[in-house]
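Multiple structures follow.
Shared between the two complexes below is chain A, which has chain B as its partner in the first and chain C in the second.
Then we have the complex of A and B:
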């Protein structure tokens, strides 16, 4: 060991607060309830599809909406059990810039591929043909929702697969929570600070995804707005997803900023600002991106999320030992 | 008189005796680095061996890496992904000589390399509708006209280097599919498959891949040793701590993954920002701005042999008997073995890469 810790400076902002964020509170109040709800609502979705696979069935569409809502509120928690066997992607393959989802589903349907009848084997199909976004095509896309015996079985297979994936994630969290609760020199996380930094990454990545993809995709550019790229627009859920994700991220942010009342207030106010603007937008699929006046309102929501991201990076990060570096925040 | 002078110059030109500008005329910068200024604008800087800034030229947006022409004092500053411009800069006058625009349907990744004789420039690019990596080929003499385009051998080509004494290019196909309509959102993490491809005259002549369990390790940045070894730094896209973030390869052989202790691996936070061969190629230095860490790997043993820690460190380049580091904090520091030789702080934020001229 020739060179150890010869550093000019080591990044470690002092913790100004008296009480640190509680990891067990984040697990018990934020993480576990979400995955538990994901497992139970996905199970209910699968049951609804077994009872009635008609894509226009109210019961099926309602169960779909309930389970998808939970996923969106959970989708920033990309660590541990969601990453095993690419489970998060198996639930949510989006954005799909190259149209892989409708293409894969159309092929399955036109070939009446037997794998579409076999829930246990379905995890072997293209990941683009699995999960909530694939199911949206089967329930809401004019071409891909055409009822047939095969279509019915495929809806049941996809929902069973969603339920199995959700339940596997939930089961694994029972043991994975101990990984977060027991940092140590030889453990996955070396300190509580590293665990909290993982939570901060989830918050940061969630905000980025919502701003760049959920809002950024339909916004496109001023000259080329892309309303057809809005997330889950066929089921009219695009703006709802932004709201759900922001509410969930707000909850996580409040846990992480608990030791600094001023910062906590600032973040809360910034989340409320973005959510308030969404509430008055009245444009469920961001169709307004193509009109200069209504587009501005959607751009402003994106900017509000950008403001939250800046606060998280420059103020919350340093309280958790993450310096807001030029390269560390945004390298390539 | 005037006519006579012109004739004299014409005569000299005909004989090829007019001294062409050389790198010495550019204040002899030893390094190039993109940077951000306090007012939020972006520049490309020349840096000399004594760590002085020799020139500072404005860029229209954030830069990433640069490529120095092998003979002329001319550099290409590349836009950061997914930028579509690259600027040819005369480093003696500070004048922008030409601008390269990525063709329709392409964007740059931020890296490029010159051919051995300096007549061609190669750029890594994304054919984003097809989701396929490309290498743009530009003719230098005619003012950087695009003359060809090759397959990069994979998805998401990032860094590109030329092997010594040859025109074989080595490309880090990072494996990550992105599309400008979703910013930097990664579209294929579950199926990504990075590789190292060697390209000669438009043909992929060799490709090596990582073991399957490491398919989420994006091969991103490259360094080439004097004898043609290729060192590569990776960025982990999976969960938890990766097995390795640094590898080495020599044409015709297998990939050699460098080893570090679990603790050392965690210091890097799954991310290598820059990589360089240092100390006469016996050591590979890698930086992690996320971890604020620099690690040193001994090529002979493939082991991590030590670390340094500096906030937001990213750029690294070899100097005689040591190495130079740059940081987002503005720090420039030269090291010899384990000793800090000199350092200074500029009021700029040094960007990702420090390029040796």
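Then we have the complex of A and C:
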């Protein structure tokens, strides 16, 4: 009897695999490689800072760019290990509408606060002075990149802190994987639908953040564009972040839409459309938001992302049988 | 035996329709609570207005204290209304006028030197309209010789497209009553002297007449804004009609408000970010040191709309068929869990309030390395996040999908982001 059941299960396996996105495939092919790369590139960044803390050092800036790229491709995966303590916020505090990052860094530097010399204690410091966005100010902001002995130590402390946070997230994912794979009545996730909802939430929130913050903040309003609010503009990374996040979200969307070839094609086409327009923009920091002609192009890219969001909401969600639920961007 | 069971089943079957909770009744209760809650906000704001008028007409330490007490009382009902945001477009379109935060208070009045001047983000962060009857704003000459509700609402609010230019609402009034809190992470709220409103030689920090004019105008505006919203929820009002026009969407609106206020707004933007930034400016009511109450009454408001119970400021109870009743009909166990989670969150937020009222100020809790403070605040954050997960389960169980979308303007209207 048991044997027959097993046989039946095996026979059914391919069927179920195509009927539903595979959580384990999403974990193994989408989530884990990203966090593994985040840990290793952050480690490399920290090593580069130890070897040369000069903010204009090519090696340091290159290592910074590589690790930051990986973070942007990972930043939509806000669940489990990233949400322990303040990890994700400590890697990436942005948008910073009140200028907390330059203020916090300027205070540390002018006080020569000893906590800036102590990587282990640095996790006590405001998230505004930690992570990739704070490091950008230390490496690229005219005022805050001024070299000094303290500045050098601070760069090393911030990069060591980034490496420690990234590796803690990566380590925890090994066990957190099982939480996603074993839903049950008394588990964190009560059903596979709840796990899928978590994945859909990551996709939805990632798209929302890229459209509303990465593009929406510099766009401001027609009468009052805000180019100074572009993400990571000091290092010229604003448009690159939109590209990287869209590519990563495209990968997640293709996993989630695996059971419906038409939907999968539609989503793929919509992502390619947005990415294609972005590739022809040739405006790395969205300086064009202030010019009516080029502003329109940036607005259209935002609308393309809006189209993807609509497809995800009205077609992908129902296909998966779940709603996107609430995310941390729901406030105002 | 079988026959007996069948009979029972039939009896139950017959009884059920009579007992069934009607969705429209649940929506009625929700709208009744909204009407009472905004009505109470108006009543307490009118008391604030009387106290403000007394302060401006007859400035004294006693009258300033009385106005502050009236402001604090007015916050009790208002913070409970925040659960009506995010799910009801009419509330979202209006809310920024009465409760916008955080604000660059230098727009309004004098500030300490440590505040700094205009910033990258806000060229008018230190405009000080009370000291400057005329100025230029985004290239336009502004005549502010007379400070009127219209000036605040039409010209100064979100001046230059910057959200931190908050000229109206509770927090602008709070700043005018308390002044900046210059105690950093220490205890104590803002300490504006009553003589900031004194006449003649007793006037401190200049322009006392204009300060009084600003305070009066901001309070008058708050009253008219609250009158509008209380009316919108009354029988025949537009908020109520909109809610009742589609029963499923109405239930969605209730749950969207509960989830968005719990997670993104209170747990995230207001509480978690503050503790991670270690910044006393991240307090929601940073001038009056009333932040513990802001969070607590947000939690109570969320519980109110689920249980269908609201205690009015006169002590009377507004109640009726509730979302909880509706949920219990579908899945009584999930309803019990939901109630438990809402209670846990209110308790966790209550602990912050207890500690704060006993002398452990919210800005002390935010200080770098303050382990007890962080644990208290994170207790509230975790309670709110935890209850959000259950709100999602209630949504799934009731089959009201599409929730969580109404709260986000950009999804309602893909072009909103470009406006």
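We take it that the second predicted complex is superposed on the first by the 304 of 332 C-alpha atoms of A that agree within 3 Å, B and C clash if a C-alpha of one lies under 4 Å from a C-alpha of the other, contacts with A are read in each partner's own complex, and residues count from 1 in each chain.
Everything that follows uses one rule, which is that a contact is a pair of C-beta atoms (placed from the backbone, for glycine too) under 8 Å apart; a residue touches a chain by one contact, two chains touch by 3 or more.
Predicted model only: the values in this text are computed from it and were never measured.
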item	value
Chain B versus chain C as contact partner of A:317, first or second or both or neither	second
First (chain B), second (chain C), both or neither touched by A:299	second
Partner chain(s) touched by A:142 [first = chain B, second = chain C, both, neither]	neither
Which superposed partner A:228 touches (first chain B, second chain C, both, neither)	second
First, second, both or neither for A:95, with chain B first and chain C second	first
Touching partner for A:127 - first (chain B), second (chain C), both, neither	both
Which of chain B and chain C A:325 touches, first, second, both or neither	both
Touching partner for A:212 - first (chain B), second (chain C), both, neither	both
Chain B versus chain C as contact partner of A:309, first or second or both or neither	second
On chain A, positions contacted by chain B and by chain C	86, 89, 97-98, 127, 190, 194, 212, 216, 220, 226, 229, 323, 325-328, 331-332
List of chain C residues in touch with chain A within their complex	85-86, 92, 96, 102, 119-121, 138, 160-161, 163-164, 259-266, 268-270, 272-273, 276-279, 281, 368-369, 388, 391-393, 395-396, 401-405, 407-408, 410-411, 414-415, 417-419
Chain B partner contacts - residues on chain A that touch it in the complex	1-11, 78-80, 83-84, 86, 89, 95-98, 127, 185-186, 188, 190, 194, 209, 212-213, 216-217, 220, 226, 229, 323, 325-328, 331-332
Contact set on chain B toward chain A in their complex	36, 64, 80-81, 110, 128, 131, 158, 177, 179, 181-185, 187, 189-191, 220, 238-241, 262-263, 266, 271, 273, 289-290, 292, 296, 305-314, 327-329, 331, 333, 337-338, 340, 343, 349-352
Chain C-touching residues of chain A, taken from the complex the two chains share	86, 89-90, 93, 97-100, 124-128, 190, 193-194, 197, 208, 211-212, 215-216, 219-224, 226, 228-229, 299, 302-303, 306-307, 309-310, 313, 317-318, 322-332
